[in-house]
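Take a look at the structures listed below.
Next come two complexes built around chain A: one with chain B, the other with chain C.
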Partner chain A sequence: MSLAALLVLADGRFPAGGHAHSGGAEAACKAGRIHDAATLAEFCRGRLHTSGLVAAGLAAAAAHGLDPAELDTAADARTPPPALRLAARRLGRQLLRAARATWPAAELDALAAAFPRGAHQPVVLGVTARAAGLGPLDAAHVAAYESVSGPATATVRLLGLDPFEASAVLAGLAPELDAVSGRAASAALLARHEGLEALPASSSPLLDIAAQAHAEWPVRLFAS
Partner chain B sequence: MHLDHGDSYPHRHTHSAEPVRADGTRRALRVGLGGPVGSGKTATVAALCRALRAELSMAVVTNDIYTREDAEFLLREAVLPPERIAAVETGACPHTAIRDDISANLEAVEELEENVGPLDLILVESGGDNLTATFSRGLVDAQIFVIDVAGGDDIPRKGGPGVTTADLLIVNKTDLAPHVGSDLDRMARDAAEQRGDLPVAFQSLRGPEGVAPVADWVRARIAAWAVR
Partner chain C sequence: MTSAPPVAPEAPAAPAARAAAGLRATARIAAAADGRGGTALPLLAGEGPLALRRTRGEGAEAGVMLVGAMSAPLGGDHLSVEADAGPGARLGLRSAAATLALPGRDGAPARYDVRLTLAEEAAVRWLPEPLVSVQGSDLRVRTRVELAPTARLLLREEQVLGRTGESPGLLRSRLTVLRGGRPLLDQELACGPGAPGGWDGPAGLAGHRALGQLLVVDPQFAEAPPEPAVLGEFAAVTPLAGPAVLVTALAPDALRLRELLDAACSTYGW
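After this line comes the complex of A and B, so read on.
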């Protein structure tokens, strides 16, 4: 694996559309559940251990080379709200465009042909990691990190939260990010032999409900 | 795996960046409109739609800061059928969506071409932003920067990427100049100094000419596009 390739893929400036999504932070800020660095940390911790873990598992499995179509179905099953399925497919398609330009690969072309409306973002992320010469644990790390870096950046914009505090929140979560990534990668390895049921399937009902409600807001800053 | 490509950029994935697609059809010309909040971008887009919709197959992408306001204005004004207007959400960063990460806007223009195409012209309107906001060349073929006389007649002198490099600079609301003490001659001199040979249009949408000079500029762009 190439550490530098991992940095390119994980860079928040990688042009894959993520900047327009808050990962549920906009709804949580509006509801008052996030109002400072401490509550941002709690929100991120919850997201990391639920949808972050699920995304990391899917990404790691895709990076192992498991069938993207089956993984996409598994992602649907783990993503109840239609709004989040739509957002995940949009982000998947946007990531795929950036990935094909950045790390051209037949596997990415095949994925684009099979999913003209987009596959779930973590699945695309895993295939992208393969194309970039990265492994399943790397893919899991990127997915896990994205599950918290998006909300942290969005909160800086939404609340005017001190950006240094937001960075400190992310740094404070580092040990848990490593642990979640490791768990996801182990599950993906298990899934190779035992089937996709071995992948994590945790969920946060409040994130799901808030995301569906957010999609109906007439006025909002973020797409999700 | 896949790390050693003989050819670094086998094809562009802003794929519609090429004027003619693989199947020989020509994609729509894309014109971006940027500029500060309240300078009249949406009003100019609406006027362009009314002026050109009879002769060109058109669509509009809006990039609201808060979503859908501009799209809804265009819908209310019924300048185009609703399926020809798409709104993109920008996560509080309109300049990011038109320059640093153009993913969502590229999808919007491509979806419009798929759903209502073939199109001759797509106008991509940025959310109101600052004087440094410019469009990526991966997203648009030409860009218009819209400022207005009420924002201060020193804006052309201040320059900045929008004023200096846009393919067309519109100085809007010239009818207000006497009321806000803006010196149009000075604005024209400053703009010429910043822009060299690049054109400047002084526009009053309430005046007899309205959007006509800008519409002519777009027509010339379309004509040049058709032979590329």
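After this line comes the complex of A and C, so read on.
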């Protein structure tokens, strides 16, 4: 693998549209559940171990070369709120555009042809990692990191939280990020032989409920 | 990491002594259309703490009540309920009382597996009473439903974290629903001491002590899918990527939770 390619893919400035999504932080800030660095850290921790782990498992499995269409169905089954499925597909489509320009590959073209309205973002992320010469564990790391970096960045904008504090939150989660990525990669390896039920399916009822409520707000800063 | 990987279909290789200490019991139910507009129960076999009683059904539906004949599951126990609804069969499954997940003597986790299989045109209602995660317990629940494309399902799950004023045990519960062999819903919940970090935080349960889901799978939703909706601050109606709707709710207690799910059931269920 290329460490530099991993940095390009994980860079917040990679033009994949992630900045428009708060990962549930906007709803949590509005409800007062995130109000400082400590509550942001707990929010990120909860998200990492649920939707972050699921995204990392899907990304690692796609990076292994498992069938993207089947992975997309598995992602649908792990994403009950229509608002989150829509957001995941929009993000997937945007990432795919950026990825095809950055790391041209037949697999990315095939994915675009099969999913004109976008595949789930973690699936696209895994196929992109393959095109960039990265491995399943790399893809899992990027997905896990995105599950917490999105809410952290959004909270800086939503609450005016000190960016230094937000970065400290992310750094403090590093051991858990590594553990979640490793677990996702192991599950993806298992899924090659045992089927996609071996992939994590961790869920947070509150994130699902709040995401659907957030989608109905008439005015919001973030798309999700 | 303290969390376990997704529950494997095979029992983990436990030491023989521990396996001998735990109780293993399976309740088996088979429902079949009787050809006269009703449903027969050719198989109704309880075991150990899982006793089964036939109850009066509604219309063409055969009713079965799961009666807890002793206190279970304790740590180390492995209980299973397997229900098979044949073509056109209609089955209503309930439990007489809440299920209490209790600690065992050696700290081994307990397992509770529910397996429902629905053939073409079958209709199953699985409406058990709440599962209460008692302090010190460690329970893994695995619910797996396989539906034929024309089958209908109404499934309710309620989890209560601890008895009144008590801390919960560790509860891991995975629900997998396959329709025509394709995954329709796959979710795992982990909560209680020892669950992955953040389980009770602002992206977790945020202090709620009762949570539940109502799932309705109905081929009619393919033409007229329910609209997404929000029921108060802590419940949502989410149509799935298939002819099904999932209502997810958090509540301060079991009573309030049941009110929410009953209302959802009268709207989307039968």
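FYI, the second predicted complex is superposed on the first by the 224 of 224 C-alpha atoms of A that agree within 3 Å, B and C clash if a C-alpha of one lies under 4 Å from a C-alpha of the other, contacts with A are read in each partner's own complex, and residues count from 1 in each chain.
The definition used in the following text is that a residue touches a chain if its C-beta (ideal position, glycine included) is under 8 Å from a C-beta of that chain, and two chains touch if they have at least 3 such contacts.
Note that the structure is predicted; figures quoted are calculated from it, not measured.
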Joint occupancy of chain A by chain B and chain C, clash or fit: fit
Partner chain in contact with A:Ala105 - chain B first, chain C second, else both or neither: first
Degrees between the directions from chain A toward chain B and toward chain C, using C-alpha centres, nearest 10: 130
Superposition-derived comparison: chain B or chain C, residues of chain A touched: C
Contacts of A:His141 with chain B and chain C, given as first, second, both or neither: neither
Touched partner set for A:Leu221, first chain B, second chain C, both or neither: first
Which of chain B and chain C A:Gly17 touches, first, second, both or neither: first
Touched partner set for A:Ser186, first chain B, second chain C, both or neither: second
Chain B versus chain C as contact partner of A:Arg157, first or second or both or neither: first
Least Cα gap, in Å, left between chain B and chain C after the two complexes are fitted on chain A: 20
Touch list for chain A against partner chain B, complex: 2, 13, 15-22, 90, 93-94, 97-98, 100-101, 103-105, 130-133, 154, 157-158, 218-223
Of all residues in chain A, those that touch chain C in their complex: 24, 28, 31, 33-34, 39, 42-50, 53, 73-74, 76-83, 85, 176, 179-180, 183, 186-187, 190, 196-209, 212-213, 215-216
In the complex, chain B residues that touch chain A: 1-3, 5, 9-10, 12-14, 65-69, 88-93, 96-97, 100-104, 106-107
List of chain C residues in touch with chain A within their complex: 1, 3, 5-6, 174, 176-177, 182-190, 196-199, 201-206, 208, 211, 213, 228, 230, 233-241, 246, 248-250
